[in-house]
Every structure is written in C-alpha cells, then in structure tokens.
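So, here come the structures, one by one.
Here come two complexes built around subunit A, the first alongside subunit B, the second alongside subunit C.
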Partner chain A sequence: MVNDFQVEFIEREDRRARFVARGLTPALANGIRRAMVADVPTFSIDTVRFVENTSVMFDEMIGLRLGLVPLTTPLDDFEPGDTVTVALEVDGPATAYSGDIESADDMVVPADENIPIIELKEGQRLEFEADAVLGYGKDHAKNQGGVAVGYRHLQRVEVVGDAGEFDEQEPNILRGVIEEAAAEHAEGDAEDGDLVATETFGNDLTERYPGKEVEVHDVPEAFVFSVETDGSFDVDELVTRAVASLGDRAAELEEKVAL
Partner chain B sequence: MELRVIDKTDEELRIEIGGEDHTFMNVLKGELLQTDTVTAATYDVNPEQSGGQTDPVLSIKTESGVDPLDALAEAARGVQRTADDFTDAYRAGIDA
Partner chain C sequence: MMIPVRCFTCGTVIGEHWDEFKARAREGDEDPAEVLDDLGVTRACCRRMMVSHKDLVDVVSPYQ
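What follows is the complex of A and B.
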C-alpha cells in the first residue's frame, strides 16, 4: 500500500500546535492520538523522602502535587525506568514553587518555574529529596506528555444558495478548521482550498458568508490535530515519538512473527 | 510483546498479542483490512467467557494459498512504512 500523507500547520508553537493531516485512515489518526497520550514517556517525581515537612499538608498530599510538576525530558539521553534525583529546601514564610526544585541533572528540570507547591508560614519548613522516574502515561497520568491531544474532521463549507431575503439570520456556529470552498462569497481575501480556523470569523458561518445558505461536509481522510504538551518536550518531539512508537511495535511484531 | 498462536489453519489464524492495546491493534487491523489477500481481520480484547479484559486476540482470514502469518508480517511491515511516511510528511510540513 502506498501512503500519501500531507501535513500542513495552522499554528505551531513550542508547546502547542494545530495541523491538518491528510491521507490518514481513522484507525491511524486514533492510533497516533492514543500513542501521544499514553506511549511517549516523561519524567515525573515518583518517590519522595521527606526530611522535614512542617507545612499544613500531609506528606502524601505534597507527594501528589510534586508528581504533577512537568519535568523536561530529553528522550535521546534516557531510557524508560531511569531515575534522576531532585531536592527542595524552603523555609517559611515563603511559597515553595516548582522552580525551587534542584535537580541533579541539568537536562531534567521543572518545565515551569511558577507552579506553587505549598505556601509556608513563619516557622514552617519543607525539605525533601525525591526520585523522578521516566515512565509512561499508560501507567500513570502524571507521565503523560500530551495534555490536550485530539483531532476532528476537516470541514468543507459550500454555499448552496441565498438565505431568505426577509429571514432573520441566526448564528450558524462551527468550531474547528474549514477548507474554503466558496471563496467568492467569503468576506475578505480568500481562495478556494484555504485552511481557515473558525476563530477568525467568530466561529459563526453567517459572519463569513452573510446572507448565504451553507452546507458543511467532513473532508474524508483529513484530520485537524490539536496537540498541546506539558512542557516535557515540544510538540514535534511528541508527535514524531508517538508515530515512531507505533512503527517500533510493528517492527517487533514482524520480527516475532518471523520466528 | 508476547505472541501465542491459539488456532492456525492454512487460511485462518487466531493469535494472542500480549501487552498491546487498542492503540496498536486498531492500526494493525486497519492495515490488514487494506491488504488484498486478507478477506477478514479483527481483534478482540474481551472475548466471550474470558471474564474481563485480556490481551488482544487477533483473527485473520486470508484467500487460499496465502499463509495468514505472512499476511501478518506484511501488515507489520506496512505499519512501519506508514509510520515512516507520516514522520516524513510531518517534517515536510514543518519545513513548508
């Protein structure tokens, strides 16, 4: 079977991206989505050894909050199961932030510095040492690198006629990305085939095609992926690792079938 | 990934694929269904009387003269190609 994939970005930043992928089967699109959520490992604090915790929260509650702090994860340099030691020491009155966590490895540090762990009052103190483990989202949600990953169909909007002349036009709300198919009726500059995010016209088709009656159809085999990471790595890393994980499993299967 | 053949005839195969879930099985099934020599392919993670979720059991039927194990190996190669092609397309999208 010959694949003819095409990827076109609508927005692309370090931690979030939106792209249209064409030529995919629904099975593949969902496989990639699931792999992004569950099969790309990230570092997360797993075991905590408290030296002193005189804060108002129990050790377990602090431990949970620590697990949820995203840590940068250079996947080329670590294997799943590897650990990195981190430590924190904060005296009240102060707020302990994720940025106060010191790591033994400069490559594995909190992805954000301003996540509050706990507010400490006068005389309260928090000191611990912890192990961050490279684990899979399949086993624990704190290890998910993709935090908001999803897709929807690309939609094609066609103008089929005029709205009734004396009708009060009601808002026609559509969210996602449309493929322009009626450029001559659209407000502003537009060409057929343009990919337009619906936010640009307030998610309301009557704003873009005033006085027109429109029909919306899904474009087959075209998916609009919306991907956001927790900062462990960038979107490109997440997507390519997820796809590679599918390929790796297929390679393992092929090898075992041959035996 | 542990493989265990449950049933095997010339044109039919039932095989348990340990440690996998819908993520990979559905992609693999999709690939098998697009292979001309495969007449039927499905998988089940909760077969009747199993008493709950098990490792996925893949069932394949092929046209006569085609070994289902060969069809499975071919589909596994197909998924690898698909993964590589998608990665290439994604990189091309970044550069575009």
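What follows is the complex of A and C.
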C-alpha cells in the first residue's frame, strides 16, 4: 500500500507554487488540500485592547481588519495557543499601516507592511495593544495560511486525427497543465512527457496543435496542485506541514483502533 | 470605507497593493488592467476588489 509519490514543480515562488503530484488517490489529494487550509496554524491578532480610537471607524471594524493582517509564523518555535503581544500607535494626520504594528517578538511581524488599517485625519489618534494567537484555520478563517489552494487533474492531450481541411477551427479552451503526448504535432520544441502549463499557448489547444483533432483525458493518480500562502510562511512550509499533519492523524487513528 | 485587507472571495491579501494601484491607476493615467497585472493581482475576484473600491474616509470624517 505504500506508494512512492513523485512531485514535480511547474512554478515555484515564495508565496505561490504549482506542482504535479503523482501516485495520489483523489481522497488523499483532497485530504492534503483540506489540511493546507485548516490544519496548518498561523498567527493572527485575536484580542485588541484599545487605548484610544478617535478614527472614523468603530473599534470592532478596526479589530476585524487587524485580524486579517497576515503575521509571519515560525512554526518551529511556537505551539498552537501561544500568544505574542503587538501594539500600534499612530497620530493623525497619517495613515496607520500594518507595518506600523510593533511586535514583542521579532519573529512574529506583519508579513505585508503596506496594508492600510485606517486613515487618520487631523487630531485623530489610534492606539491599542493586541494579542496575536497561533490558531487553526478550521477555527477561524483568519488563521488560514493557505489561500486559494486547489488541485485539478493532470491532463493528457492526444492527437487523434486531422481536422477537416475546410472546417473553421474553433478555439478549444483547456486550462491547467497538460502532459505532452503528441510532441511531433505540437508547435515549438516539445518532447513527450513534458509538463506544459496551458497559459503558454493561450489556453487554446488549436494554437498548440493547429489543424489537428485532439482528445483530452485525465491522467489517473496525477494531480496539479496550485497553492498560495498569505505570507505567514512560504509554500514549502505550508505543504510539508499539511502533509505531516495528515500523517500524524493517520498514525493516531492506527494507534487508536489497534486491536 | 477603507480598502478591505483581503479579497472577499479567495482571501488573498490585496490591501497591500492599494496605495500603488491608487497612485498609478486612479490618480495616475496608467491602464488599471496593466497595473493589476504588474502588481500580481491576477484573479478576477481580487481585481474587482481594487477596481470597484471607493475610499470614504474623506466623506465620513466631517460627521465625527
């Protein structure tokens, strides 16, 4: 039952990545997706103690905005439930930015510094102290580290014949990633087995295989994941933590139902 | 009132790009679509957050 999984990256940046994973069942692929959203904890501001708020927004509205600001989360150094105190003090006229938030811990700071919290006019002032808590995405969406996480089947495009000579070719739109199976008919350099993102040919199969009739099939047990993070940690961390949490829970289940 | 911190639909942080978008596309004369591409705001859900936003702090502040 133990299969080797193969992972190939198509796109890999700090905060976004796209990769093909092979050897997964659909259930496992969805399990990983769900774990990325719900089971990797991130820091997020949870309780705010306002000292002064004379801005045009109510305390609650500012509290909501603060909760959504992503904070960097070094998961090796903190346990879920840990808190870090942050504070902000801005006098108007000025705009309070997420970068103005000062943290008691240098490792837990706003991941983005240019998010406007509130614009303050002359004489207005915002001062508060807040607790950031390491919590789970399944408890509150503000703790979700993965953003727009999804997967789709890897697809294989086969050339089955020529399009009718006088037929008007209509666009044949396909989005995602294809596995090259008809390199000899493809435009440009191509080799069978190449992974090609459909954006490279305008998501239109008639651009890549002009004058050909094609069939599209899902490749079994191969999934193209597209993962983005909110900046709390990088994509590698998110995916490995999600897979680890899935593994931990499987081990726990095995232990609990052992005869 | 203020630009939402995150996209309502997908949760991407978009507040980060507001100031630059405002300076280049609203107050400047660049094409909003190009500015958004440049900023890496690619999905339609995130783009509508920026395109359809109106700052209201100036409108509300006299009535404090």
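Convention: the second predicted complex is superposed on the first by the 257 of 259 C-alpha atoms of A that agree within 3 Å, B and C clash if a C-alpha of one lies under 4 Å from a C-alpha of the other, contacts with A are read in each partner's own complex, and residues count from 1 in each chain.
Here is the rule we go by: contacts are C-beta pairs under 8 Å (C-beta built on N, C-alpha and C of every residue); 3 or more make two chains touch, one makes a residue touch a chain.
Bear in mind the structure is a predicted one, so any value in this text is a computation, not a measurement.
> Just subunit B (first), just subunit C (second), both, or neither: which does A:I173 touch?
Neither partner.
> In the superposed arrangement, does A:P116 touch subunit B (first), subunit C (second), both or neither?
A:P116 sits against subunit C, while subunit B stays out of touch.
> Applying the touch criterion given at the start, work out whether A:V51 contacts subunit B, subunit C, both or neither, answering first, second, both or neither.
So A:V51 meets neither subunit B nor subunit C here.
> Contact-wise, after the overlay, does A:R249 reach subunit B, subunit C, both or neither (first, second, both, neither)?
Only subunit B is touched by A:R249; subunit C is not.
> With both complexes superposed on chain A, which partner does A:A104 reach: first (subunit B), second (subunit C), both or neither?
Once the two structures are laid over each other on A, A:A104 reaches no partner at all.
> Which partner reaches more residues of subunit A, subunit B or subunit C?
Ranking subunit B and subunit C by residues of subunit A touched puts B first.
> Show which residues of subunit A both subunit B and subunit C reach, each in its own complex.
On subunit A, no residue contacts both subunit B in one structure and subunit C in the other.
> Any idea which subunit A residues touch subunit B in the complex?
Answer in residue numbers: 1, 3, 5-9, 12, 19, 21, 23-28, 30-32, 34-35, 38-39, 138, 236, 239-240, 243-244, 246-247, 249-254, 256-258.
> Which residues of subunit A touch subunit C in the complex?
54, 56-57, 61, 65, 68-70, 98, 111-119, 121, 124, 141, 144, 147-148, 228, 230-231
> Note which residues of subunit B are touching subunit A in the complex, please.
1, 3, 17, 20-24, 26-31, 34-35, 69, 72-73, 76-94, 96
> Mind listing the subunit C positions that touch subunit A in their complex?
Contact set of subunit C toward subunit A: 1-3, 5-6, 10-13, 15-20, 43, 55, 57, 60-61, 64.
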